[in-house]
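Each of the two complexes below includes chain A, the first together with chain B, the second together with chain C.
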Partner chain A sequence: MNLEVFKQISDTNRWGLLLPEIYLVGLALILLVFEMLFRRQDLLLIVRVAIWGQVLLLGLMVLQYLEGFPTGSVTAFSGLLTQTPATEVMRLFFVAGSILVSFLATTYLRRQNLPRTEFFAITMLITVAMMVLVQSSQFVLFFVALETVTIGFYVLVAYCRQSPFSLEAGLKFLILGALSSAILLFGIVFLYGVAGNPALPGHVADSMNFADLASFIAANPTNPLVLIGTCLVLAGVAFKVGAVPFQIWIPDVYQGAPTPVTAFLAVSSKAAGVFVLLTLVRGPFASLHSFLVPLLSTVAVLTILFGNLTALPQRNVKRLMGLSGIAHAGYLLVGVVASMTVDWAVYAVVFYLITYLLASFGVFGVMIQMAGDDDSDQEVDHYEDLGQRHPFLAGVLTVGLGSLAGIPPLGGFIGKLLIFIAAFQAGLYGLLAASIIGVVISIYYYFGWIREAVFRVWRSPEGSPAQEGASTFTVSTVEIVTLGGLSALTIGIGIFPSLVDCLMRL
Partner chain B sequence: MVFDSTLLLLAILIPLLGGFTLLGFRNLSSSVVRLVALTGFTVPLLIAVWLYFMFVGADQVDGYRFLTELDTGLSFFGINLTLGLNGVSLPLFFLAGIVGLAAGIHALHSEAANRQLYLSLLLIMQAGLMGTFASIDIFFFYFFHELALIPTFVMIGIWGGFGRRSAAIEMTIYLTLGAMLSLLGLILLYNASGVDSFNLIAIREYLLSQPLSDTLQNNIFGLLLFGFGILVSLFPFHSWAPRGYAAAPTAAAMLHAGVLKKFGLYGLIQIAYPLLPQGAGHWGPLLVWLALGNVVLIGLITMAQRDLKQMVGYSSVMHMGYCFLGLVTFDAIGVGGAVILMFGHGLSVALLLMLSTAVFHRTQTYDMKEMGGLASRTPILAGMFVAATFASIGLPGFANFWGEFAIFVALWHYNPWVMAIAATGIVISAIYGLRAVAWVFFGKPSEALEEHWRENKPFELRQGERLAATLLFSGLFVIGFFPRIFSDYVDMDLKPYFSSEPPALVQSVDPVEIQSEVLVADVATVESTVSGEGAR
Partner chain C sequence: MTLSLNSFLFVSGLLFAIGFFGVLLRRNVLVIFMSLEMMLNAAILALIAFSRFNGTMDGNLFVFFIITVAAAEIAVGLAIIVALFRKRQSVMVEQLSSLKN
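Take a look at the complex of A and B:
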């Protein structure tokens, strides 16, 4: 290796492409410094810096895209990173998710009296890792980014140290997460080994690279080692997404984790997993089409049915969101399967993710407000009479749940519609049937929740006006603006899907 | 013409804006609320009346007039908000206007708690209804239906009567299932047609020139039939309807039973039957049995009801059976009869629902055997109820008569035996209708009721109720005496798609070349006349 090679490699190190990530890491570090420098009563400053710093980043990114949205794909760092229009949208998505998680966390951390700075810093670092993850086009970077995400979540899930539920959730997540990482790594090693084997046709020099791997797999689509490796890699990712049969951890972890972390897991982590799946099945594994479509279809059907059926009898809303989130992962998998034959299905999946983000954070925002001292104890029954006690929150909840259930004219409906159209064009009729059954089942539990919140409850006139002190809470203006904005966007996207028009250029 | 086309959009937007105004701004003074609500309910009807008179002279594209198109950002998938009316949608657009105004007046005079929210939900529902029947784009056709459906669920939940919580959930699950199945059918149709457009005109043109294969037609038609069928309470999937209507607040029940439910039949007439004639033939025999189940079995169940509202709900399920029978005949007369019956039934069922609530306010019970003797105390209510019952049974002089009559004529040509069985339905509905009148208004009241009346004297119909009832009656009478107001237009737009002769036969008789020559000649004459007129 001579100097010329190093020079070529260093020429591709275009750090400018990673400015948002660098900014976020810097912000996280600055927060930690502030924590040391200032006294305790200045903590409000840290909250402000954390949130407004991220909002500024989002604004700058949006401004940059308004000037000219990238149309082609860019490869940098000698093949480690590939930026496409879709990954640009996902970066925006993760920053938005991070802002909303931090926003939810301020209310939560104040109420639970937990340290804040670390929470914000870890959230930002996880977000950076996710942003890198969706752009990675090489297995080493891919694995490192994925592990950064997972390790960050180990801390966040167990963040509420005095709650046994949170600790239990942390332990479960740690053990199963480590197992899934091992499986993933095992799969990567299989693929690496077999693709570098000079005895096989089409062997490649850099077998970690997605593009090289794709050409190798195209040459050996039936090699058993390739198939085993592919299955193991997909299993590792399926764990992050929460697809059957790797969904066992979800209900307990979602219930035990602090609510903002639950939201983070449910939205951003899942979105990252789904997008990575998209990259994998359309990139390196594209030529295994005939093997993957039946496999992933089976997984999708099972995921949809499992998620919906187990959510059906749930009364704890955090578990409900977790289990119904499994069902959403199933619908997204339908889009992933469809994307192997229909190119624009990527658009459908990303659109679905965006509507899912808006609706879920609306619902989680209401949950944070409703939560009592014990964060893991949030039952559907606590929402009784919310319509009378706080009409605004009831409205936000209704819009969010309606969108998750896929009711027009809300955004979630358009998301489901696009995925269904894509599935039709790909000819996946079995998956469509399962999705329809799933949607109809989901009406029961989503509307059951809305019913609890909005419909008036019959009480005998003489009886006490039950639970007088149930919680009389005030909602600050910032919270009203944020939650109202999320609902308005959900409705707006449902009526004018062109609001996310930049996606059309994918 | 631009003006008339914009009117269609306004008929949707004005109620929608009114609804959102009432939803968004609390603490409006009651006169402002009244004004906004009345504008929202009246304007669509006025627009419907105006468009009716402009209908003959308007430019048309494939039978559709007043075309408007708007891009909402889904044009990538061939989805554009395209509005327009043809002969079939005109009566239903009109129906939505009348029933909407009647329900609005009733709601304005009702004593519902939190009336502002109640009115705003009704207005949103009204906007959805106007949009459904004015949409040419099948995506928006579906979209507006759902827009009208959600307020129904919420209204049942908040203002509903006994058993509302379970009724609301049951209705929502049933209707979502139906809507999802029909959505699948519509997407499949879009996908199979390959025109890359949800525009009904484009899909029609394409499919008429190259029809789909038989299996595909059968499958899509099956999805649409059962999807739309569930929404119209086709026989084995009907159980949501009586319970839902019994639990729903009156204005919502009027709009749903009167107008929204016709969505399914409308979809079958406009989309499924013309585009998928083979599929229609394939499912026809099964549909006959299901529709007869609606007429005879549900008819007998209706006879067994003692609860007034349940009876009205079941009777509306029963009458839907006639509409399905009209469709089965695949004949312009039968289908046209179904359209007229949809119009008449929409008015009469709304009237019956409203009047039975009025009866409830005077008796505090829905149990018909507990009632009696109301006629001597409230003669106007009694007179109107009797007339509404006659309309619902299908006596001459009301719109329903012409619908049922045309359906029976077409059924006779289709299969006399089916007609004979269906005709028993008339007897059944006469029995339960007249018996209900006898129970409620004549004879002696029960002792409990006498007791109740001693303290609260039964009062006559209030002004709002009278106004709403008069509005609905006038629709029934006008069409009852002059059915041609709508039937000519309906016929005109149904003729090209529904003929008693199988389409395959016609094609085999005419050699293609001669046909095309004739076509060319036709086009030439048409063009010359058009240019001649233009010159003049």
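Take a look at the complex of A and C:
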């Protein structure tokens, strides 16, 4: 064997590029050790270590980027990883998401009396897998990272082992998730097989690699096996995002899963899926432009209309967030389609994801406070008179929902605007029309919820079931600061969008 | 007699189709789970065949990762099915429909 080859390969293993991931894995393992050492003695210690450890990581990453944000792309581990400015922003995004999920979970798990340590550890491991997933540029790493995310989510969705709802949601997610993984895998196998076929022109030796695959597909854009493989891979990713033919799991799983997990699925998992889709359509599948644009456009239009129309009559807030999340996946798909012709659409998508993170976690935070000790108050009717009962929570809810609906002074508006401009520049007028119709529909159900919470609704004097079971609130200072901070950021990004923009321009 | 690539791919496609329709049509969760594994195995067979006929080793390597992932999936999946069976005393999908509007 030629030792020089091994030396060249090992020289590209730059572990320093993966320090945040290594730190998070270490933190997760330390938590498990603490659980063994301090069992039952100091639960607060584990919570503190989990959350402050992640906040420290986020702080260190931000400090490092303030010194000099990476420009251009870096490839390491012999082509397994590619880091670009966009992936760096996504890594920050996932760490921030992980902190917020852990934070929501402290309240939720304490009320439900569920074990905490495992939850934090699994959350961090999923986050690491998502961070690796967005950087992966090779199908083996891609598949393993994606499956780590999915299998971690099976555990988290079924985390309330005493609740039949949670278990049932877990089983549904398990079956459909495994089905989509198998479809994705079959697509990868097809692409691998056809790209390495020595009989075809432009065949490549390393056909799992995105860059090599891109050069092969550019040489054979009409090969039927390439098209089948591409469709299967995109179908598998579309499942994670919740795009239309693969959206059936979303309402049930979102409703049954513990609320912090619903937030995690809605924000981080969807963001990972969308970003992976961006990498794929701009990388290996870029030469299938004329085939993918009509296909993805159709999916995007159907996703937007399906999400908004099914959310209209919905009264359960978790299902409402799930179904409206499908619509948001549709807007993000518009950005993905636009990014095939307009380069800066990638940043429009990332910006949208950031505003979606801020707004969604605010709303989910209020939902956890509202749901009561047994997590049963999940109807829109339960939010009646929230404005009188707890004006602060009502304010956070209004800002969050307003941003999701895309009301001008808030962050969500700028996010939608950027995506629409990108779609306009790419000449996707049909998609633009469908998105605007979708936004108009969405204002109806988001404002129905806001109206229930903030404005006094006339009810017949004898029947108002929500009032009797109205839960009392004990919102701690930390929760007020965090939720208030999320709302402030949502408003701040809406007024000064350059806050995020300067992060990406660097 | 040597088999051609197409015969391997035919068997693989058949296994995948059986698994796919098994997931869609069967009512017992355990059988659905077996069908899912069959789909993964179909992918593995195709991978090995491609690897052999293309003369690259990536496919063989990938198989080990897939087997590991499948094992993790089964471990988590069976745990969920057992926990659900303890709650519901059933593994039939018709009886698992408490999540509705």
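Convention: the second predicted complex is superposed on the first by the 485 of 506 C-alpha atoms of A that agree within 3 Å, B and C clash if a C-alpha of one lies under 4 Å from a C-alpha of the other, contacts with A are read in each partner's own complex, and residues count from 1 in each chain.
Here, a contact is a pair of C-beta atoms (placed from the backbone, for glycine too) under 8 Å apart; a residue touches a chain by one contact, two chains touch by 3 or more.
For clarity, every value in this text was computed on a predicted model and none was experimentally measured.
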Touching A:N197, do we find chain B (first), chain C (second), both, or neither? second
Regarding the shared-chain residue A:I443, is it in contact with chain B (first), chain C (second), both, or neither? first
By the touch definition at the top of the document, which applies to A:G492: first (chain B), second (chain C), both, or neither? neither
Once the shared chain is lined up, is A:R161 touching chain B (first), chain C (second), both, or neither of them? second
Specify the partner with more touching residues on chain A, choosing between chain B and chain C. C
Looking at A:P70, would you say it contacts chain B, chain C, both, or neither? Reply first, second, both or neither. neither
Starting from the residues of chain A touching chain B, keep only those that also touch chain C in the other complex, and list them. none
Which residues of chain B touch chain A in their complex? 71-74, 76-77, 139, 142-143, 146-147, 150, 153-154, 157-158, 164-165, 168-169, 172-173, 176-177, 180-181, 183-184, 187-188, 190-191
Touching residues of chain A toward chain B in the complex: what are they? 387, 402, 407-409, 413-414, 417-418, 420-421, 424-425, 432, 436, 439-440, 443-444, 447-448, 451, 454-456, 495-499, 501, 504
Mind pulling up the chain A residues that touch chain C in the complex? 139-140, 143-144, 147, 151, 154-155, 158, 161, 164-165, 167-172, 174-175, 178-179, 181-183, 185-186, 188-190, 192-193, 196-198, 205-208, 251-252, 255-256, 314, 316, 319
Tell me, which parts of chain C touch chain A in their complex? 16, 19-20, 23, 29, 32-33, 36, 39-40, 42-43, 46-47, 49-50, 53-56, 58-59, 61-62, 65-66, 69, 72-73, 76-77, 80-81, 83-84, 87-88, 96, 98-99, 101
